[in-house]
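Dumping the structure here so I can ask a few things about it.
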Amino acid sequence: MTESFTRQEMMAIATGREIRDGELAIFGVGLSMLAGYFAKEHHGPNIRAMTEGGVYGSTPVGGLPWGIECNRISSNATSFTSALDALGFLVASGRCDVGIIGAAQVDKFGNVNTTGVWDGDIGDHYRTPKTRLTGAGGANDIACGAGRVVIMVTHEPKRFAERVTYVSSPGYLEGGDARSRYGFVGGGPSAIVTTLGILRPHPDTKEFQLDGWYSFSSVEEIRANTGWDLKVADHAAVIPEPTAAELAALRKVDVTGALRKH
Amino acid sequence: MTESFTRQEMMAIATGREIRDGELAIFGVGLSMLAGYFAKEHHGPNIRAMTEGGVYGSTPVGGLPWGIECNRISSNATSFTSALDALGFLVASGRCDVGIIGAAQVDKFGNVNTTGVWDGDIGDHYRTPKTRLTGAGGANDIACGAGRVVIMVTHEPKRFAERVTYVSSPGYLEGGDARSRYGFVGGGPSAIVTTLGILRPHPDTKEFQLDGWYSFSSVEEIRANTGWDLKVADHAAVIPEPTAAELAALRKVDVTGALRKH
Amino acid sequence: MSQSKLITLAEAVRRTTWDGMQYASGAALPVGSDAIAFGRELLRQGRRDLHAIFHCNTQQLNLLAAAGVVSKAECGFSGLEVFGFANGLRRAVESGQLALEDWSNLAIPLRLLGGALNWPFVPATVNIGSDIQDRSAFAPDQYPAQGKIPTVTDPFTGRQIGAFSPLKPDVAAIHVSLADPLGNSIILGTEWSRFELSRAAKRVVVIADAIVDTDCMRQFPNLVRIPDILVEAVVYWPFAAWPQGSPGLYDIDEDHMRLMNKALGTVEGTESYVRDFVTPYTDVDSYLDMIGRDTVKRLSQGSTSFLLDPYRRWIKSPDEVAQLLNSNEAS
Amino acid sequence: MSQSKLITLAEAVRRTTWDGMQYASGAALPVGSDAIAFGRELLRQGRRDLHAIFHCNTQQLNLLAAAGVVSKAECGFSGLEVFGFANGLRRAVESGQLALEDWSNLAIPLRLLGGALNWPFVPATVNIGSDIQDRSAFAPDQYPAQGKIPTVTDPFTGRQIGAFSPLKPDVAAIHVSLADPLGNSIILGTEWSRFELSRAAKRVVVIADAIVDTDCMRQFPNLVRIPDILVEAVVYWPFAAWPQGSPGLYDIDEDHMRLMNKALGTVEGTESYVRDFVTPYTDVDSYLDMIGRDTVKRLSQGSTSFLLDPYRRWIKSPDEVAQLLNSNEAS
């Protein structure tokens, strides 16, 4: 019986397991950065981590950075360049192997909405959202250009929709080979890692299906918290709990305990 | 009777007179740079001089620079950037007021050839030149983007052709409003300053005609050294000799006496 | 004989801004560099109906939007990163008072690049295929929004991609770490899109946390990413990005970030924020008093302050800067 | 745990180059920065049939062309500035042995920018309307050369402009002033197009005049325009651009510039130049002996040497670099 851990910690570790040693990886702020630096700490010493600010060679100091440009990630950098460099030359170009992005709403084809909440569909025009969210940021560029994308999201029914109200960052659009219409160099989302489990796209339809659940969750709980009729992959199984080494590595990175608060 | 001066010096001073105080100006190496820095020294203290290397705020030290990137123009610079910045953001954008370029061959519409010498026309294909010259360099970008261009060239029949063999840098192409076909933001060549006089384009036809001769040259000598039937502007007149102040300023810039050698 | 371009913040805003202008701020980073002091002065001088071009939302846009002086905005990101949603901007958008056009964080620098190069359009391989391309707050009735990111055909392959519209803001206020009196500027930390913005904008004002002698620029010319020839005015304003951070100079003021964003969530809160933190000060000294000298001191001792060490010997004292300002007005 | 990428020049050329490759050198400045030492080693190892992409001709391209190992070249400028025409390149072009495709000095960085962004094409508002657009040495029978700079239609106005083909060289050898063992690199003097090239090339080798500790990069991260993540190998080679100059490190060797260009004007001269200045040395020490220790000393005392002062304390001695090299081979 391993020591106790939070659902947020499980999600961060499961996300970190998706990043391989030596990869060029771009992280956002918050959970995404914790998951990424956990991977670097635990199993990927040669992961080449970058932020969309063009901050290279640095590790966070003095707590979780407030942003991709925060002084907390600027005190031991070996290079500062620009957004055009990081998001353009390294991400939109197809050079970056993997990116981690978040989502306010995600759908069965891995499309992400971070722009707003509307009452019902937007319709055939632009319409002011009931609740305005943060917009796409660099996630759209990562979704178009990165070799693969890992979407990290809290598993709640309102966040898992048959179809997102607004596509801020493209997943597989209407599924199948719909992405090819736009010639994106990036491969699209390879996993949706949540607080309850991991979803992966079907190789042909690109519909996300349940790939695994955690020791503390279940197929039933996950399906009940998913806004579409979630299919379960034949090979779906329980996901290994964090090892003591994984928890130690994550908590070394999460110095302020941001992931243990809930 | 002013003190003696060379034809090269007269050409450099006449070229420098074309640059106004406060202008953003791009100079090449050699004669072009001497003419430009003469203007800055003599009548344009606020001329914002730059080279296509993205070298800003500097003045040559220790003699005529060997190139736009030479240490002789890099020892007191306030900013070093790049070719994309200098030739793109500042010149091709239309932001630069005036540029000075040289020519191996120039024609009646101010088109410039710096690419090669062929036996006869090239024909409807590419053909290896008999004598390969230096190519366009930044002059093509200046010819397309700078507000106006001053062409500096030694006045010899072989250099003044009815039509250049190869258009390395566009002047008025076939004349008239031919430039408008390409939507160039730059205005085209405003003067051809030579070792014998100054030619300027006719406002409508854009054909270059004689605008002035030097105290030591004449309409006859200039026409005899021009490869097309050179028209003479009604207002054409003798160009004032260098003043003592102009010669002093030029020679202060031309520390190595490059312009007094011939 | 280049002239000093040092003028006061009030004078810079008087000279270079007007109602209805397209206003860009640099770096427009949500918790980092931004010319926030310039935005406070825009409010003090009652500028309105602004078309804001901000690579990302910042506390400046959050404030200007909350105060109701922004009618249009274009952003790649409209939050405050870990500090959450931008309550002032959010309120202005949700009330329909401000039309916010969405782009991505790469789209903005690419559009500035196109403006700097005077291109008619910029190739777009991102933002296409999403609602960023199909929906436009500036042309709400068009669906799909044909004019926002139209398609262009690659002449080499016949493949269709998108085309971004270039940006050439009327005025850019760009926050830099160090500037000399001529306008040569050094940035510490990510440039974000300040390099492209300084070339795309029609008029550029630099807002510097510190003023250095030009000898500093001659020692580090490769650090001078904004040469004087691009700059119309130089403003000395320490803590110009406060409450956001400036690498090498000061850290984020976390308490004020929260206080400010909370206040901007309501009309009343915004009024009291303006009363307490926008109108009171009369100069740099009273501005720093308003922040609080202890806070100024504490924030100045961050983990990045070593980044400023190579340049400290050239930094001019407030008195020296004041003298330069006076001699300027005299001339 | 980033690993040192320091290897010998011979090893770098062995590992990263092959006959027929698209080879780009940086900065490819005619009298300034260029990875000339890399080109000498290409010759020593008998590489041939190269497709050279040089922003401008340099003494390196002049030498490789004179030696007959370049079959195709693309340049914006093909002379040696005040040192005149490049006799070796000229001879290869005039004899028809080398096909030289002409561009302008802005076209090359724009094409590298397009390669770095993985765009299918780059908008062209220069080079159009001239024979640079209409004539192609790579497609000599086409007139006008439709495929070189085809037209593209601006979807916003319907206006037609040109389209450049992006560049993604197989290998780029980039000369830098300072590099750390991981590949983080600092450039003193104009970047020319090294920033764009380092992002466009498929493989990047940096050739550094001096090796510094990574602490130098942490002190000046804004100067590190080529971060280690882009770099495959780091080569320590003082006077790597000789006989050309390197701001802060050494001036142009005027006598050798003339001697070299004169020699490359003939087959015999080229053979003797290769015999005397390409094949003799076996390591950095004998390379510097070949240049002449007095010359090395004199050229190192130029008017720009103060530009190196802020970084001298981090520069590693030849012995320290040798140790790093050995420990590398060991590991």
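The first chain written gets the first letter, and so on, giving A, B, C and D; residue counts start at 1 in each chain.
Here is the rule we go by: a contact is a pair of C-beta atoms (placed from the backbone, for glycine too) under 8 Å apart; a residue touches a chain by one contact, two chains touch by 3 or more.
Since we're looking at a predicted model, the values are computed, not measured.
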item	value
Graph distance between chain B and chain D, where chains that touch are linked	1
Contact-richer chain pair [A-D vs A-C]	A-C
Far-end chain from chain A, centres as C-alpha averages	B
Cα-centroid distance, chain C relative to chain D, in whole angstrom	37
Computed distance of Cα centres, chain D from chain A, in Å	40
Separation of mean Cα positions, chain C and chain A [Å, integer]	29
Mean-CA-position distance for chain B and chain A (Å)	57
Touching two or more other chains - residues of chain D	117-118, 125, 159, 161, 188-189, 191, 221-222, 306-307
In chain A, residues with contacts to at least two other chains	74, 80-81, 88, 92, 185
Graph class of chain-chain contacts, one of line, ring, star, complete, other	other
Chain-to-chain touches, reported pairwise for every pair that qualifies	A-C, A-D, B-C, B-D, C-D
Residue ranges of chain C in contact with chain A within the complex	27, 29-33, 55-56, 75-79, 81-83, 85, 89-90, 93-94, 96, 100, 102-110, 113, 125-132, 135-137, 139-143, 145, 159, 161, 188-196, 245, 247, 251-252, 254, 257, 302-304, 306-307
Residue ranges of chain C touching chain D (in the complex, touch as defined)	114, 117-123, 125, 147, 150-157, 159, 161, 163, 165, 186-189, 191, 219-223, 306-307, 309-310
Complex interface listing, chain A residues touching chain D	24, 45-46, 48, 50, 56-57, 74, 76-81, 85, 88-90, 92-94, 185
Chain B residues within the chain D interface of the complex	29-30, 52-55, 61-62, 64-72, 74-75, 80-84, 87-88, 91-92, 115, 122-141, 144-145, 166-170, 173, 179, 181-185
Residues on chain C engaged by chain B in the complex (per definition of touch)	1-3, 116-118, 180, 182, 184, 199, 214, 217-218, 221-222, 224-229
